[in-house]
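One structure coming up, written as structure tokens, with questions to follow.
Letters A, B, C and D mark the chains as written, and numbering starts fresh at 1 in each.
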Amino acid sequence: MEKKQRKYSVFLGNVGACADRYCARYSAPFGTAELFDRVATVPQIGAVDLVATPQLLADRDIVTQKRKEHNLTVVSIAADTFSQARWQQGSLSAPKRETRMEALAHVDEVVNFCREQNCPMLTLWLGQDGYDYLFQSDYLAAHNDLTDALRCICQKYPDITVALEYKIKEPRTHNYISTVGMAALLCKEVAMKNCKVILDFGHALLGYENPAESVAILKRSGDLLCHIHINDNYRLWDDDMIVGSVHTLEYLEFFYWLRRTGYSGWMTIDQFPYREDGRDAVAESAAWLDDLESKIDSLNFDQVESILKEKNAVKSSQFMRELLRS
Amino acid sequence: MEKKQRKYSVFLGNVGACADRYCARYSAPFGTAELFDRVATVPQIGAVDLVATPQLLADRDIVTQKRKEHNLTVVSIAADTFSQARWQQGSLSAPKRETRMEALAHVDEVVNFCREQNCPMLTLWLGQDGYDYLFQSDYLAAHNDLTDALRCICQKYPDITVALEYKIKEPRTHNYISTVGMAALLCKEVAMKNCKVILDFGHALLGYENPAESVAILKRSGDLLCHIHINDNYRLWDDDMIVGSVHTLEYLEFFYWLRRTGYSGWMTIDQFPYREDGRDAVAESAAWLDDLESKIDSLNFDQVESILKEKNAVKSSQFMRELLRS
Amino acid sequence: MEKKQRKYSVFLGNVGACADRYCARYSAPFGTAELFDRVATVPQIGAVDLVATPQLLADRDIVTQKRKEHNLTVVSIAADTFSQARWQQGSLSAPKRETRMEALAHVDEVVNFCREQNCPMLTLWLGQDGYDYLFQSDYLAAHNDLTDALRCICQKYPDITVALEYKIKEPRTHNYISTVGMAALLCKEVAMKNCKVILDFGHALLGYENPAESVAILKRSGDLLCHIHINDNYRLWDDDMIVGSVHTLEYLEFFYWLRRTGYSGWMTIDQFPYREDGRDAVAESAAWLDDLESKIDSLNFDQVESILKEKNAVKSSQFMRELLRS
Amino acid sequence: MEKKQRKYSVFLGNVGACADRYCARYSAPFGTAELFDRVATVPQIGAVDLVATPQLLADRDIVTQKRKEHNLTVVSIAADTFSQARWQQGSLSAPKRETRMEALAHVDEVVNFCREQNCPMLTLWLGQDGYDYLFQSDYLAAHNDLTDALRCICQKYPDITVALEYKIKEPRTHNYISTVGMAALLCKEVAMKNCKVILDFGHALLGYENPAESVAILKRSGDLLCHIHINDNYRLWDDDMIVGSVHTLEYLEFFYWLRRTGYSGWMTIDQFPYREDGRDAVAESAAWLDDLESKIDSLNFDQVESILKEKNAVKSSQFMRELLRS
């Protein structure tokens, strides 16, 4: 098979500085223009994903200018439903109606920003929509409100792909849109064609999913996969590490299934390089992605499918061993 | 609130002997008749769940006689799709068509047994239907075959509730019907009224679900909850321990949500008392269940709902603290 | 048994505001004086633990004044080896000698602060001393440097208890002082009488320890337990939640073993009330602690010991069930 | 660097049949002679490890004959302290003195068998020595009894390496010799030169250890590493899968640290090929081991050490990426 074109994007902030709950600043911050300039130094990256923070919205002209200067596509813009204290008990699922209305207003603002940037996709990662404690949430009310709000958004912006990103926990101890199954189920309930799912490779691992199987599940459930976030971790927490720095074979199976199911979208690097230079960490991830995808470029797909149909672990192991040596 | 009637069942084998992968026999085995006699000594238990092993099918007359003798209802019968080597690469999702046909034939046999025992529910816990290794399974084919087989079963036996029990892993490292979301999604795809879900409390914990939320999710997704298995564990493995021996507050929230959603079915003790006397371990679980449910009997449901709607963790904590003291 | 005197402390910052990696500020911050005033409103709290951040060191006169005003003991002061970017590759184990020297200088500053506050204990939680990636650390060098630095500290300040707090991960994906076994082993290597261990209840759970057994292990290894941090979590992450809001029986066994081994030190509430009022969350934890300890006050210790010596799980379960009802 | 000689062994039973707690027999069993013949067909395997089950002890003449016939070294013999019901509440730490005496008698029998087979190492994997429930164990008594018994064994058989294998859980929910830290601490307490540690790669992963760091820890703590068991898993359970079928980079770092610390012992394949042909699964593991070790053969050790001393994650990632391509 010939080399497939790479479509790698990155979250703009990834080339900047990080905080964790102990250390507010591991390195000096960068301005929006600088972040774009830093992204542009990584040759494999052709696009960015944005988060609609107050700062970024204030810098919208810089965004427009810089993406044009560097010829970067804006793949998606994420509503900022997680970094502000006002969403601390949820955004689209908040128990107070006025908070939910506020969240819808923010979504409207973000959709306008999307249209302005020729960006067809709204990312919804509802990190505060969940709960921490037992007896803290009225699950029926919360799931109902969330479903209603999503349906309303999908109906209001039919030109926009509403992309739901699932994650089982963090920052809440329990998030509502938790697993691939819950995300697909939610899409079925929303029942709108533009309601789709983002698979974050690290989130899938965190939920003890096998990312490759999650790709297949989303394919079967109505071609729901619209976008991918990529990073690595040790399976027990969303460590958001450099792609390929922990897992190897899981990525290879994942890339195989993306091709098998005809995925043609972008893959967005989404990591937290707390102690690394953000730009260099992104460049490393891009290099890993290209290396790992190259192994898939050379695969004989008929042969793989016949191995899978045998369901013989020894042959699977042999196949992987040879793939690594290729 | 007055004391709600308890409906506790037990898997017949639970009062017997156990094996693990190292030790084939922790204690001497019991015959079918003896197992019934042992169940009958636990006063809170009014029913049994059965597994249609070759031995049990051979003992069907003993089953009929003993359940009548002890006035025990048969709540459900589980197809034996997990204890026999022939299902080692799956039963209803096996890659070989002949194995899938064999599994359907076994289901037919079990449904007949159900009808003979006035049992309205077929339990399907498809423990071998999954995979262990990367590049070992054709996920699309497997999920398709599984869905087709389930639809076929639901159509063929409209008088029987086909109860799917989910579990994220074990004995495979990855099982197909893995989480509450996947189980509900599967029911939507099967699209038959008699396709329902069993929630195993321990399996929910193992998948980092909060069992109480899973109850609410199944309620919302079409009143899918038809049965409950109950046991305890340390959240990282399906330890199948005595109910209440590890968790406390999780059970209380779970029982609250069962009542809140109007669950009226049975609760079946399902544990592996490797080193304990099985009968005594079941009696302990029944005593715990009754103790814990008693705390819910006395709850003011309006007050609980108003606490939940506040979503204030400190008040939730206070409520739980007082509930424990009650 | 008569009611044992409670000795509850709290980390001063716990009654204030929190951040996580997404949200820099869940609520408005409080000044040092205010924090003390807030602590003083929780009647069960008789002491504070401090972290020697630059801000707190600048406020040392306020500390002196306020602890006297409110009659609060300072139980321990933690070196700030985790909130500053300069320690991002480690403090006492940093690969660069000059960083290790800087860390020793900071320890000296903290010890002086301890003495000034009549505080006999230096807390060392070396959150940045570990690694994130494979092939990122020279383990031999790092463990050697760490051991040498600790021995040097213990020798230099014989009047101060040097209290090592272990945690398996976070903020690094792997921390060097990871488990109760590693902490005790390190003490044996340091071989100084004032080198002791802090058990954080949540950290023990995170490392799949049973906190009660960890107490016994530290007792056996030279009476190493010098201090306790207390909070709750779901076992898979250091959620730092309100004490007793998740676990119940684990606390009871833990308190039993603290008494059994003659622990007479303080218990310091150490939580991250992201979305809660910090003061109220601390008050809740104190109320839980008192409630749970009350159950232990009434225990017949001879009876417990005879149950433990039987090692019969059914009897253990029965005992716990009755203890909860007491 | 030239290719280092491989020293691969296998547990004899690994080429045979497996059970799990649901399925007593995934395939037909093999006799002792057959097992040896099957091992002999894997060219990279030069030795076996044995478990002193009643069956194997009865077949001791076959062992002698077959190991000679196939020129196989016996690397270690494990006492069977886990597959028999009599040890269900522990062997060397059992609460009943008579059980502990029985366990010592069994050890004596195994040591005699070792001497007969020219085997210098007694493997002690005390899988039943732990507990399942809270309030089920008198930790002080159990750890004391265990330590005393081990010291007694080490003193009685000074010509034998007493090799302790740690594992955090299973078959108990909590095992006493749980982590690398606990194992090293125990060796310090036993304080006998022939008391050493076995590192099982999968057990280390299960305890959230990084196996490479565990090698360094054992080196520092008195050159304690005497033997290695090798297999793979998904980090959350001891899945005992084919080596290299899940992890890649972790093995490479592990092999690097084995050479860095001068390990010269054997590496024993220890897996549970439930659904695979055991012999073929072992052959696959041996092939993976050789492939992965070949990458280490070609390493420039000075270069690696200088990368480690920099502690720069981007450079570590780059190094691993290039190593995979080599």
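Structural remarks
FYI, a contact is a pair of C-beta atoms (placed from the backbone, for glycine too) under 8 Å apart; a residue touches a chain by one contact, two chains touch by 3 or more.
Owing to the predicted nature of the structure, the values given are computational and were not obtained by experimental measurement.
Ranked by distance of CA centroids from chain B, the top chain is C.
Two chain pairs are in question, C-D and B-C; the one with more C-beta pairs in contact is C-D. Measuring from the averaged C-alpha position of chain C to that of chain D gives a distance of 34 Å.
Centroids of chain B and chain C (each the mean of its C-alpha atoms) stand 40 Å apart.
Within chain B, contacts with two or more other chains are made by residues 89, 132-134, 169, 208, 234, 236, 242, 245-246, 249, 275, 312-313, 316-317, 320. Listed in rising order, the residues of chain A touching chain D in the complex are 208, 234-236, 242, 244-249, 273, 275-277, 280-281, 284, 287-288, 291, 312-314, 316-318, 320-321, 324-325. Taken together, the chain C residues at the contact with chain D in this complex read 89-90, 95, 131-141, 143-144, 168-169, 174, 178-185, 188-189, 207-210, 212-213, 216-217, 219-221, 249-250, 252-253, 256-257, 260-261, 304-305, 307-313, 316-317, 319-320.
Every residue of chain B that touches chain D in the complex is listed here, in rising order: 18-27, 82-85, 88-89, 127, 132-134, 169-171, 173, 234, 236-237, 239, 241-242, 245-246, 272, 274-275.
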